[in-house]
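Presented sequentially are two complexes of subunit A, the first with subunit B as partner and the second with subunit C.
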Partner chain A sequence: MAKRRERIDRPIRVLTEDIYALESLSRMIYVAAPSVFPVLFLLLLPLFTPSLYMQRVLILTAVYALLALSWDFIAVATGLVSLGQALFFGVGAYLAAILNLHFGLPPMVTLLVSTFAGAAIATALVAPCLPLRGVYFAMTTLVYPLLLARTIEATAVLGGTDGLVGIASFPNVWVERYLVLAFVLGATFALRRLLRTDFGLVMRSISDNDQAVRASAINITVYKLVAIYLASALGCFAGAYFTHLYMFVGLSAFSLDLSILPIACAVVGGMGTLVGPVIGAFVLVPLAEMVRDLGTLRVVFYSLLLVALVLFKPEGLMSFLERKYRQIERWVQV
Partner chain B sequence: MLRSIFIYGLINSIILALTAVGFSLTYGISRVANFAYGALYVLAGFAAWVLLHRLALNYYLALFLAVVFVALVGAALYRFALIRVRGMPISEIIVTFALGTALVELLRFFGLFGSAYGLPPLRRATLQLLGVPVDFQRVALVVIGAVLILALWLFTHYTKIGLAFRAIAQDEQAAMMVGIDPDHMATLSLALGSALAAVAAVVVLPLGYIAAESGSNILVFAIAVCILGGLESPAGVIVASLLIGYAQILSVAYFGPHYQMIVALLAILVTLVFRPSGLFGKQKELEERV
Partner chain C sequence: MTTDFLVVDELSKSFGGVKALDRVGFSVAQGEVLGIIGLNGSGKTTLVNVITGFIRPDSGHVWLRGKEITGLAPEKIAGLGIARTFQTVRPFHHLPAFKNLIVPLYSSRIRSAAGGGRWGDRDAVALDLLEEVGFERDSSVPYKPAAALPHGYLRRLELARCLALRPEVIITDELFSGLSSSEVSSLMPLMEKLRERGITLVMVEHRLRELFRLARRVIVMEQGRKIAEGPPQAIVADNAVRETYLGAEL
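And then the complex of A and B:
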């Protein structure tokens, strides 16, 4: 009596595919729940995390979620692997510090400027490497944060190894708490929507087969530039936000941690789904914080986790959850 | 001044060639960019240190065992991890990079830094070359490096395994047709590449001390040399090492010690932007850039 596992769509999923979704409340909830509940959960979270430490972990998580989202967006939209999210973070962080210290701009303005201008700077830096693929692009992106950090160290500009201190903080804690969460949510939904438009279709096909897209008389460099610009805007915002949060910026803004952990989040959550990396960040970053006492051992811990997931479970949390939500499994006789 | 720049530039170039040759070999044969390379280098130094100071083995035996150990680790890296993600560059990069990071951080956790961890040189002596004092280890290093690179060239051109390596590198399908197992060759290439990293480590590390941090530096230097010379090109490794080696020594002499790294990083960027196949690369242009 051989049996095998069969997966079929849930009846409610089939029923909610078109206008019949509006027929009953439960069907409407079924459709809306996957986007509404996570958003509500995120927006209510700061209200239920009383201690300062928990708030900081939450903010850190959101920052890593942004970086993971940015990494994943580059991968989905251009098919390139970036090993240097720290570049975007660092550029945003230092730009915000300079704008605040030398030009005396208030945090909200510096955030805005460093997000858009910082992304332009980062894109200009990465632009020459855009024709590269695979391993070559990964190597250049690995090099950039190191190069900038070493240059700052060697020339002692921008505070050198001491970093810049005395940067203004946010006007009040609620702005501080909600700003980054709102940005994470906005960015996730905006990028998902973007990928569903015609513009996004071209982006996704570039990551599948760039030669075929070129053969269709489409200039792929333009699309890659846009993708890098959007991704680096997320990274720059994260950096600028972090600078104002800690009122300090130093060489740690280019650290390797900022490049690896986002990749780990994306892998845990599911590469290529955009929402996955954010979920991954919310799983992995608090976990990594819990084991902070272990010192550098926690890097070992999440590096190994990353390897294990890539090797044995590359689909990620998001596809798993999506499958469970949409389909039922049952044993049937062969 | 000029004479010492000439001599130390040469020594530095040979050090770079030694550290880069393993990375280049692995990539050239199996197309795996081994981002764990720097970690394997540090691991070799640490293994040699343990064998020497904890187990009190004979000097040469300890170095030899350290090299063998790291070669086995390299082979295991392919057999148990990379084999599952072969041909998927994203996963290959993530796996080697993350394993390398894990290894380095693990060693750092066990307190691997500071001058307490050093390997003794072959012989404590100082020679005079063209009126410039050079210690014995550095001279030995130049000789070992030159011999090793020559031996590698002979190995890949005149032995059966060496020829199989080149066959796989040129055309995997055709090589399979004549009975060469690509997975077997890739395992061997990772083992050999790691062994070369280990040789570089046990020869170069006596000049300073073993530090977990040097892992990423070594990786960057190896990548810089390989990129500038062209990945997989043996002649390119030598020429690129000479170029970067002298550029580093000159910049250190005239600007400051921090610039050693900046030179290497700039070499990577400039080469990749303007000529991604490097000076001597034989890659197909389309494979690496659009």
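And then the complex of A and C:
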């Protein structure tokens, strides 16, 4: 007797589609779980990671989550593939350092200014490349972080290869720990919400078919600029935050890792879902830290994992989780 | 009726050594239906792309209501009320059919217009438009993702996207291609309704029988040049046209 695996909708799904979701606690939990549990998990996490090392891993994870979210948002909202998340990070990081060292602004103010003004600078840099598509846009964004890093190196402005030191740190560790996590949560929910509005719908249509959007009397450049601005604001915040966290900024703020690893996170988590890349970061970054003992082999391990995931699970973790949430699997006799 | 509503003057465009358009000119009166026919590669789609701003001409001019629109961006031209369909349908695949229309409805042309529809009722306007082009309102069809719709519906969706812009001119690029005869004949009342409503139609078409029922005047193109112009009867009788184009078909 042959057996076949079958997927059916969870019975609770139909019970929670309507006002009847309020009938029992379990139904309410089922409805609320996808948004409440991740939030609780993230907010409680700093309380259960006592060691400084663990805290730093958590923060690094959150930073990569922001960059992955930023990458995914550009992909969803414009259809462009960016290879230059490091540009956003670096601009934010250096801007925060300058504002703090030269103008004496406190960290919270520099964070705010670096996020919004930094995003404006980064957007202005990327703007001329917006008419480009596909691999051409990707190439130009890849070049920007290198260009800025080499400029700083060659002209020895902004501390040159030594970087800038003596930058103010956060008022206390709790601000330090929660600020970035709150930003990850806020940004994820805000961007998801934005994509559900009519404005966001137009953005998604651009990645689907930009010519048809233009034929609909809509100036796609405006929408692309908004998307790049929002995405670079995430990256700039991450960079500015990092500057104050380590009280230092150097050429590593334009490092290639900052452009590549977020894409890996997005691939693992599920591209185009916004939440997926964040989940991907929370899987990949701690994993990368765990295998740090392997030394250089770490990269081999890491790359193999990535290739395997792209080949066998290109839809990412997010679609897997979504399926588990919606459906149950069982074996039936044929 | 003014005869110089939409004027195309001496348009030329070359791709490499190939002259896709060679000093093509014509004018359309407001509310008129103009047909454009010609063999594949005769420059019809290039003409549509140049008029709608998707391709910049090498020389020549396009005027709308006496205002030059040559070389404007496609979104500007669409915003002035010239809507177009694409030869290959271009729906927003991920979106439900009615949500496809939110894109033109969100344009500043419509949002700034009276009763443009704000947050809530844009969906209602979209559903009305789909009903107008023949989507069964009470069925699930308007809510299906565009990717799941059959070709006939996608053609209607293209038209609905044009109508959502409340256009003065609609330029269709082989609207009937890929449709069965019955699908084409079910589209005809809609096209006639648009004509009755006073929308100026420029139709690039291969389906002559249907086109000749709609258009009072037809332009024939060959290798980027306009070789004939006149009412359908005259076009059918024209010897040059018969030789190069109609001979094979009629």
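One rule holds in what follows: the second predicted complex is superposed on the first by the 314 of 334 C-alpha atoms of A that agree within 3 Å, B and C clash if a C-alpha of one lies under 4 Å from a C-alpha of the other, contacts with A are read in each partner's own complex, and residues count from 1 in each chain.
Following the convention adopted for this analysis, a residue touches a chain if its C-beta (ideal position, glycine included) is under 8 Å from a C-beta of that chain, and two chains touch if they have at least 3 such contacts.
What you are looking at is a predicted structure, and each value in this text was computed from that prediction instead of being measured.
The superposition on subunit A brings subunit B alongside subunit C with room for both.
In the superposition on chain A, A:Leu256 makes contact with subunit B only, while subunit C stays out of contact range. Once chain A of one complex is fitted onto chain A of the other, the partner contacts of A:Leu297 are limited to subunit B, with no touch recorded for subunit C. For subunit A, the partner that touches more of its residues is B, with subunit B and subunit C as the two candidates. In the superposed model, A:Ala217 makes contact with subunit C only, not with subunit B.
Using the contact criterion defined above for the overlaid structures, shared-chain residue A:Leu52 touches neither subunit B nor subunit C, since it reaches no partner. In the superposition on chain A, A:Ser205 makes contact with subunit C only, not with subunit B. Contact with neither subunit B nor subunit C is seen for A:Ala2 once the two complexes are overlaid on the shared chain. Of all Cα pairs spanning subunit B and subunit C in the superposition, the closest are 9 Å apart. Note: residues 211, 214, 220 of subunit A belong to the subunit B contact set and to the subunit C contact set alike, using the contact criterion stated above. Contact residues on subunit A toward subunit B in their complex (touch as defined above): 75, 81, 83, 128-129, 131-136, 138-140, 142-144, 146-147, 150-151, 153-154, 210-211, 214, 220, 256, 260, 263-264, 267, 271, 294-297, 299-300, 303-304, 306-307, 310-312, 314. The touching residues of subunit B, counted against subunit A in their complex, run 33, 81, 84-85, 89-91, 93-95, 97-99, 101-102, 105-106, 108-109, 216, 220, 223, 227, 255-256, 258-259, 261-262, 265-266, 268-269, 272-273, 276, 286-290. Every residue of subunit A that touches subunit C in the complex is listed here, in rising order: 198-199, 201-202, 204-205, 208-209, 211-220. For subunit C in complex with subunit A, the touching residues are 52, 54, 73-75, 78-79, 83-84, 86, 90-95, 99-100, 102-110, 119, 122, 161, 164-165.
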